[in-house]
Structures are given as C-alpha cells and as structure tokens.
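Each of the two complexes below includes chain A, the first together with chain B, the second together with chain C.
The block that comes next holds the complex of A and B.
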C-alpha cells in the first residue's frame, strides 16, 4: 500500500505540471490584458484616463511585457518555492487571498458533499429495494428533475422562498453557519443524481451475486447480508463519484457562490478571470488540480480499505 | 468667482414663534414621540454589486465606495444638480487665471483626531499624485501649496478654470497621509484615517465594509450609527435583498427586476439621472463609415425611444446628442437626432451611393453590400440586437457579435478589427477634460482616430475661457459639431436604478454613484 501511494504521488507531479501549463496558455491566450481592463470602460473614470506610457509602465511593473516562456518559467520557479505571486488587482499575495477564501469554500463544499452523500446513498438504497416499483419510479423522477434543474435557478427559488417569502435566512452577510444551509443544499442537490443512480444500480447488481445467495442460504440476517455483503462492495463506485465531486465542488461552486454572495474561491475565480488576474487564475488551477489528484488518491486508498481484494498485489 | 461659504442663517422672531408653538403642540405628544424616537434603527444596510478591494484612496478599487458611504470626503463636491459646492472646504475662489485658493473649515479633523490643516491637505493630494495613476493625471501640472494653516493654493503654468470640478473627483479624497504611509496601505483598518461622518470598523475585501459613526465628526452628527456595505454581485440576488427588506439601499437594480421592485410595498425604485451616454462608435477609417452621410443616416434611423423602452423598460433617457443626457446641458436635448427619420436616412444613403435595388433588402454601392458588424459587451446584447433590426429597415445588413467579457471588444479594437461597437462613458466633470478624451486627435478614447479641424479649434477655445458658464456654452458648441460630424452615434443614458426601502428617510439620489448617498439627515425607521 505504501509503495502504491508513493507511486501515485509521483505520477501526480507531471499531471499537476500539465494542468497548470494548460491553464497558463489558456488564460494568456484570452483576448485583452489586465491593464486594458483596469483602465477600460469597466472601471475607468470620465474626467481622466491613463496614457499609453502609464499603461506600458504598469505592464512592465506586472511583468506582462516579458515573453510567454519567460513569464511561465518565472512563475513555475516561484511556485516551486511556495510563492504563488501577487494578485494584479488587490496587490496582495495570491496565497493570502486564496487562504482567506478557502474556509468559506471548504465549509460549503464539505457540507454540500454531506448532503450529496446522504441523499444520493439514501435515495439510491431506497430505490434498489424494489426495482421497477413505485418508490423506484419516484426516486427516478426526482433524479431527472434534479439533473435538469440548473443550480442558478434552484438557488434563486430557494432565496425567493426562504429569504423573501418566509424571511428565515439572509441574502447577504458573512459566511456563518446560518447562511450555509441554502447554498449547500443547492449545490448538493444538483450533484445528487449521479450518486443516486450509480449506487442503486450497483446495489441491484450485488444482490444478484452468488455470494449473496450463499449468505442467504446460510441463514444470515438480512441486515447483515445487506450491510456486509451487498452495500460494502456496492458503495465503491459511489465513493469514486463522491471523490470526483470534491474537485467539482471547487469549480462548480462559482455560480452558487455568486447567487448566495458566499465569499469563496469560486466567485473569486470568476472575478479574476474577467479581470485577467493571471496569478490568481494560475494559482487556482494549481489548487484545483492538486485537490482532484489527492481526492482521487484518497478514493483509491478507500477502495483498498473497503475491498480486500484490491489490497493483494 | 466670489467665495462660497456654507453657513446657517440666524433665527428671526418669526422663526422663534414658530419654534415655541411647535414645541407646545409637540409636548402633548411627547410619549408617542419618545416611542417614535426609539423606533429609529441605528443601522443602515447597503447592497452593492462590488465593494472595495482596499481602504487606501490610491488603490484602484477603493475610492468611490468609501466616499459613497460617508467615510471619506473631498475638498469640494457636486450637488445633485451638478453644481460645485464646498465639502470640507469652507470656500474656494479664483486667484487669477492660473490659480485658485481653497479655504478650509477650521473645525475639521481626521477620524483619529488630528486637525486637517492646509499642510495635511497638501500631503494628502501629493500622496495621491505620487501613488495613483488617476490622481497623477487629475493633478498634472498643478502645484499645491499651503498658505498658512487654513488656505491651500493651486497654481499652474496654464489656465486651470476647471480646478473646482477636478477637486470633486472621487480620486482626490482627503486622507491622513502620515497614517497611510508612503506606499499603498489598503488592508490596515487602523491606518484608514479620513474625515467622514463614519469610520471604517471592519473590512473584508470584496465582501463587506462596516463603518461606525465618527464621534469626532466636524459636521452634523448622523442619525445612523452604523453602516454595513455588502457585496452582492448577482443582479437577481440583489433584487431579492431589496424585496426581503434585508438591505435598505440596493444599488444597480437591473431593468428586468425593476417591475418587481415597483410592485413591492417595502421598496421604492429610484431612477438615478445618469449622465452616461451609451453610443455606437463607428470605425470612420474605413468604408462605409468614412462618409459622414452614412454616419448621419445611421444616426437618423435609430429609434431611441424603442431602445429605451425595450432595453431599459423605459427607465433610461434618450440621447439625441452626446450631452443630451447630462442635466447640466438641457439645451443639448434639442440638438442632434431628436427623432426617428427614415426618410432622411434613406435620402442620405442614396446621396452617398448606397442604393437599394428593386425588390432588394440590402443597399449596395458598386456591387458591395452595406454590411458591417456590431460588437457588444457586458449587458449590451439586447440593445445591439435592436439596433440590428432597426438598421435592417433602412437596408443595412448587420452582424451582431459580442460577449459579456470586456476583453473580446478590447482585443478586436486593439487589432483594428472592428466596424461598430457600443460603449458608454460618463459626461460629467470638466467639459474640456471629458470631451477631449473622445474627440481630440490624441484623445485616449478616440478609438475612431477622428481628426476634425473645426473640433480641434473648438477644444482649443477652452484655453481662454475661465468662466464656468462660458465653458458650458463652449461644450454645447462641441456638442453641435459632434452632432454634425457624428464620429459616434449617441443612443441613450444607461438605466441606473436603486431600490430604497420605505423605512429609509431623507434619501437623495445623485447622478454620480459615489457621491453621498449617506449623509447626516438620512435615517432608517425600525
């Protein structure tokens, strides 16, 4: 297991490098540049603007007048030493900016993950009890609705109902526990259907396995059969999906964070992309890739724990 | 210009009688008045699309926000009617064509307690000049000196008749330079020392600013004790914040949400008289826009009323001419393209050689169709599509392309790869500075490379005009020349809509979003 973990971590490095290189190229290839946007119609005052010389001076200060390869290698070298650079807009270290917003995103992401796990696994188990029955059809319909509904719409409906109609929650404010329920529910709900359907299918498949028939014929209690012989192997694909969700939560939370004014990384990323804040976008891509890589590794290790067959070389 | 002094008139006998009588009647209602007094909320909550990145006025994304919530002040300010008035200054006076003197109020202090003297004002402005691009450009060529404790002298080697307008700018807020230090110091709440009625208590960049009443404020003590400014970037969420009553003032309500606010019992919709002018900029370096008749024809064939009704739910103003949306130039509404005139447009195009073949829908000249692209950005898609349909009626084939992202437009424009694009800019401020950005040959917003000898002479005319009214009239001449040569086609103002809770009293809308929404007479009932 240790050798396996080390091997996986070693493979992660080139994956990280490939991902951040791709993000560097993509963000720099986007039209316009941060200086033009800073002094453009997005923000510029009406009485005065910035001269060409001033814009060039700022480009020089931000290192934007260097060639792409020069900027890239300089960034990679700094990142290897733990320095993610300075945000063009706020003039603060990217690591500080992201660190300030990380708790909000983590709390939202983990809460949404819990919602997704409980609903996905719970409804999936319910649906698998009587395949083709009434409950199965109802849960299937719920999955269809949830997969069709955009997070944006669902979030606004929740706000309209609970903030405007019932006055139970606030639309704005600091990221405290009272405000996390709706955004986590929104994010968790729209990501529930795949987990639900995969777990349902997996449970049904396991139930028809020979080892389950043997366990029943031996007279084992139904609960023991379901937990030890059915659910345990059936949960593996669902856990894989939940692991992938961890990475998606970081990126997919952009819209939810915007609607609920949740000051997390997603909203920060959106603002940074529009402003061409290259260091922030690159830092975020590095973080997301790292999260997905580690998340996948954790899932694989969990697989090994849950399924002894995977442990044997 | 004589000194302007803001002072309160003394009470006369009639005022005294009125006061005594009112007090006698009021005494009958003292218990209920006490109840009413206790029903005043001490917190004002504002929701805005953005909140500041930093607290330092030299930071690109801080200045206006802090002024709008009463934290920061300038020497001078603009009234809602567009007149220059004193702020922390007590008076300002012309000291010759190349100089102005500004007198300070003797009782103004920074929030930390330090008196605001002429030396402090000089230090503040010089710090802004050194560290802010906009500040440097506003104060370019202007020397600033202290004359004693309470007078600041501004002088230059050229005439500076527009100095009062310049001093109202959001970038020139007076701050404690020593407290902030020699570099950008945007995140230290303790260093944020201004003169306003409210002092920053907590700051979370791009999330929230909380400001509390300044007990050392030089002016009238505000009735509100605390202001909470929250960032709500999603426009639908902002309208919900207004409808739920959670935010007392919500800025930048979209036209789509305006109907809901208008129907609400808890909020009122304010249409802020914007001085912006959204316009269609034409690439006059190439055909067909190099011909002024084509430009005029395109201008005559725009139905501005329809654009305002469809794109802004009727909540913006048409711009028949460039300055037609600016309250300071009411005459400008009678100049330029005051109506839709397809007959005139067709005649102009025929004269220019762009004719319609029998049964044809698209005009052509020498076999080349009248075809061009129209680029939008931000929320400009509905307007662009409407213009496409309107121009189609007079035989132009328009391709609409764009993106909410500003970068696409900027990139195409930089490469010269554009025909028409729609963009909006403010028209308030010193007319020479504002107008020359767009129509001076070297103007930074002269994307079209417009170079007109008559316009150049008109802009030069500002150099000898020191009287504010003379400068206003000169701006109107420029406006007329612009209408005649039409390098860009004025369309409308942009709708600026704010939702204000019915619990808010004393709200006064202002055409500059960063001018005082929050003032001493504003209060909120609980």
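The block that comes next holds the complex of A and C.
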C-alpha cells in the first residue's frame, strides 16, 4: 500500500507542475499590463499621478523587469511555498483572501456532494432493479432532464419558486445556515446524472457475475446478496466519479454562488475578474487544479484500499 | 468498436468504407431509425433552427427595437415572451439569440473537431515524441474542470463572444484528440491501410482517405453528445458577463439581464433559460439515440 501511495503521488506531481506552468503562461499571454491595472485599481480607475518612476518602481517590485525564465522559476518556487501573490485590490496575500472564503465554498460543495451521492446512488439503484422497466425509464428521463438543464436557470427557478412564489426561504434576511439548501440542491442536482448512470450500469453488470449466482444458489438472503456481493464492488466506479466531480463542482460553484450571493470562492473569483485582479484569477485556477489532483489521488488510494488487486499498477 | 475491426478485414476497401459510413453521417438522415426519443430531439432542434432563422425576419418588432410605451409587459399574444425594460419584444430577441448561440456553438464545435481530430491523427500516425507531447497536454487539459478554464481564459483576454469561443475551443479539442488517436491506433495496422501504404500512398492520403472515413462514426457521435454541454458552457460564460456583450441577443446574457427584474418580471429570465434547456435537451436526445444506433448496429 505504501509503494502504491508513493507511485500515485509521483504521478500527481507533473500534473501540478503543468498547471502551475499553464497559469504562468496564461497570465503572461494576457494582453494587459499588470502595472497599469494596479495603478488603475489603487487609484479607483484613474491613472493620474502614476509617473514613469512610480511605474518602474512597481515593475521592479513585482519582478516584471527580470527575464521571463527568471520570473518563471521564482513563480514556481513561490507557488510551491503556498505564496500565490498579492491581490491587486486589497494588497493582501491571495492565499489568505482565498482561505477566508474557503469554508463557505467547502460547506456548499460538501452539501452538494451529499445531495449528488444520495440521489445518484439512490436513483441508480432504483433503476437497476428492473432494467428496461417503468422505473428505469422514469429515472432515465429524470437524468436526461437534469443533464440538459443549465444550473444558472435551475437555480433561478428554485429561488423564484421557494423565495417568491412559496415564500419559504428568506433571501433578504440575515445570514442563516439553512440558506445553503437551495444552492446545494441546485449544484447537487445538475451533477447527479453521471453518478446515477454509472452506478446503474455497474450494478446491472455485477448482478450477472458468477459470485452473485453462487451467493444466490447458496440461498443467501436477497438483502445480503445485494449489499455485500452486488453493491460493494459496483460502488467503485461511482466513487471515482464523485471524486472527479470535485473539480466540476468548483466550476459550478462560480455560477451557483453568483446566483444565490453565497460569499464563497466562486463569487470572489467573479468580483476579481470584473476588477481585473489577475493574481486572484491565477490563484483560483491553481486551487482548482490542486483540488482535482487531490480528489483523483484520494479516489485512487480509496480504490487501492477497497480492491487490493489495483495496488500493483 | 468491433464493427470497425470486422468491417476493415473485408477485402474490398470501398465496401468496407461504405459500411462504416452507415454508422456515421447517414445516421442523421435515417431519422426513422432513431426511435421516438431521437426523433423528438431532431424535431426540437429543427424547430429551434427554423425559429432562429425565420422569426426575426417576419416579426413586426426589430431585434433591438425599443418601445418606451411597452416596457416590462407580461407575456401576452402580442408578446409571447413579454418585453424587457426597454420595451424590446423578448420573443423576437430570444429567436435572434438562437442565431448567436447556435452559431457560436457550431463554430466552437467545428474548430474543436478540426484541431482535435487533426492532432489525434497526427499523434496516432506519428507516434513517438509527437504522440507523447500531444497526449500529455490533452491529459492535463482533460484533468481540469472545463468551466473554470473557460472563465479564466475568457477573463484574461477580455469579455467578448469570440473570446469565449476561443477559450472553450482551447481545451475542448483535447477529448477529440484522445479518442481520434485511440481509434487511429486501432486501424493503422489493418490490411487496407497497409495495402494503401504499400502502393505508395502519401501519409496525408492515408489519413484522410483510409483512416478518417473509418473512424468518423464514433467521433461524430461523441461530438453530438457534446453539443449540449458546449452550448451550456458558452451561454454560462455569457451569463457570467464574460461572453456576448449588450445589446447582442444571447440566451445566457438575456437570462442575466432578467435577474434584475427577478421579483416583478420573472418571465424575463424564464424564457431564455427555457430556450437553452430545450435546445440542450434536443441535442442530447438525438446524441443518445445516435450512440444507441452505433452500439446496437455492431
């Protein structure tokens, strides 16, 4: 297991480095001058008073006067130490700013993950009982609708229905933990179909496996067969999908947070984009990559733990 | 997949080609064989296209025509989707937005397919270093969430519809490159490819005349299943203010504009969203039917 863990970590590192490099290239390929933006941001949009000397001083402070390989290596070194640069707007470290908003996004993402897991696994299991039957068709239709509905429309419909139409949710009042329900439901629902389909398919596959026939011919109780012999191996691909969807969730969070004014990372990213606060944009991209890589890693390790055959790659 | 291999061992390459084409493009024409769901999907898409083309031509209202006396009208016969704060007819605008959204989607899809299939063919044929570089780049891109990448690229290069299309294409090609390369690997040593190589055909001719017609089917199906999420990504970026800019009619942008009148005029956000939903649903229904046809025709 240790060796497997080390191999997995070794595979994750190049992806991280590639993402760090990509974000460096993106920022430097962007057709805008950070110094001009910083003076604009600091002085409320006007660049009056930014003399050539001041600009050069700032350019030097940011290290923009050095050659780009030099800039690249110092960027990689700083990122490795968790230093994501300084926000143009607040002049505070991006890592700190993002850390402050992390809990809101994390709680939203985890609640959505629970919604996704319960609905995905539940509906998948329901559909797999009688493939081609009525329930299978209904769940298939639900999946088709959920996969086609844009999150930004579903969220607004939820908001209108529950806040305006039914008046169940108070969106204007003080912050309150129950307000997580609608955004988490929106995010979880649109991400349900893949989990549902994969779990359904792998459950059906497992049902026809030899060890299930043996279990059935021994006269084991149906519940034991389903949970121990069918569901346990069938859940592996579904777990993979749940792990991979962590990154998609961060993307979806940008939209959902903006609809529900949820004070998380996604909303912070959008505000930063409008203010052209590029270090934050860059930091967000790195954070997302990091989350995806960690998510994949956790899934792989979990697989190795659940299925010893996978430990030898 | 198995059908490709089986078809390719037939001695007559022309006949083999014809068999493979039948699971690819002509599947669109064989509407009857798509089943009810696929036919519904095709019908929805046809309606959307007809609406996008015809409505702005015959509508009594201009796309950008404002009428100060008809602001924020509820949906009625004269304005099926209501009017916005400037008194613009939302039905006409929603139809015109179909032109914007559908054109952007198909442009993005065509570019992604060209780049992806091209690089996939190159990687699959060349092998070695080129193969490794292309595939590693594709791997890294595919590991990242598409929406975040789209947001970042669109944000850095300034908000515009074309930026969003380019941003989306810049990572959307990776999936097609991956699949194309795998398919090329499967057929490149088949007898008909070797025969073609033996008679001295150029690599370009082998790639475009022998290999590509054989692997088109699965790629088309994959692209058909992708159109929906592509449309949602592009409209989503416009919704966030990174794509189409006012006064361009675009569904995501109209939806975002409607948010300001959330309480008084919910129809402003309802109809543009409904258009996106129906469009994506139609494409997904058709794509699923196509996939079923390609897997059951084996």
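Keep in mind that, in the parts below, the second predicted complex is superposed on the first by the 255 of 313 C-alpha atoms of A that agree within 3 Å, B and C clash if a C-alpha of one lies under 4 Å from a C-alpha of the other, contacts with A are read in each partner's own complex, and residues count from 1 in each chain.
Methods note: a contact is a pair of C-beta atoms (placed from the backbone, for glycine too) under 8 Å apart; a residue touches a chain by one contact, two chains touch by 3 or more.
The structure displayed is predicted, hence computed values, not measured ones.
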First (chain B), second (chain C), both or neither touched by A:156: both
Which superposed partner A:167 touches (first chain B, second chain C, both, neither): first
Touched partner set for A:274, first chain B, second chain C, both or neither: both
Contacts of A:90 with chain B and chain C, given as first, second, both or neither: first
Which of chain B and chain C A:122 touches, first, second, both or neither: neither
Which superposed partner A:258 touches (first chain B, second chain C, both, neither): both
First (chain B), second (chain C), both or neither touched by A:58: first
Contacts of A:247 with chain B and chain C, given as first, second, both or neither: second
Which of chain B and chain C A:285 touches, first, second, both or neither: second
Footprint overlap on chain A, comparing chain B with chain C: 30-32, 156, 159-160, 164, 258-259, 274
Of all residues in chain A, those that touch chain B in their complex: 30-33, 36-52, 54, 58, 89-92, 156, 159-160, 163-164, 167, 170-174, 258-261, 263, 267-268, 271, 274, 276
Interface residues, chain B side, partner chain A - complex: 45, 47, 53-54, 59-61, 133-134, 136-138, 165-166, 169-171, 184, 186-187, 204-208, 230-234, 236-237, 240-241, 243-247, 405-408, 410-412, 414, 423-430, 433-434, 437, 444-445
In the complex, chain A residues that touch chain C: 15, 18-19, 22-23, 26-27, 29-32, 144-145, 147-153, 156-157, 159-160, 164, 247-248, 250-252, 254-255, 258-259, 269-270, 273-274, 278, 281-282, 284-285, 288-289, 292-293, 296
Of chain C, residues touching chain A in the complex: 136, 139-140, 143-149, 151-153, 155-158, 228, 232, 235-236, 239-242, 252, 255, 259, 262-263, 266, 269-270, 273-274, 276-277, 280-281, 284-285, 288
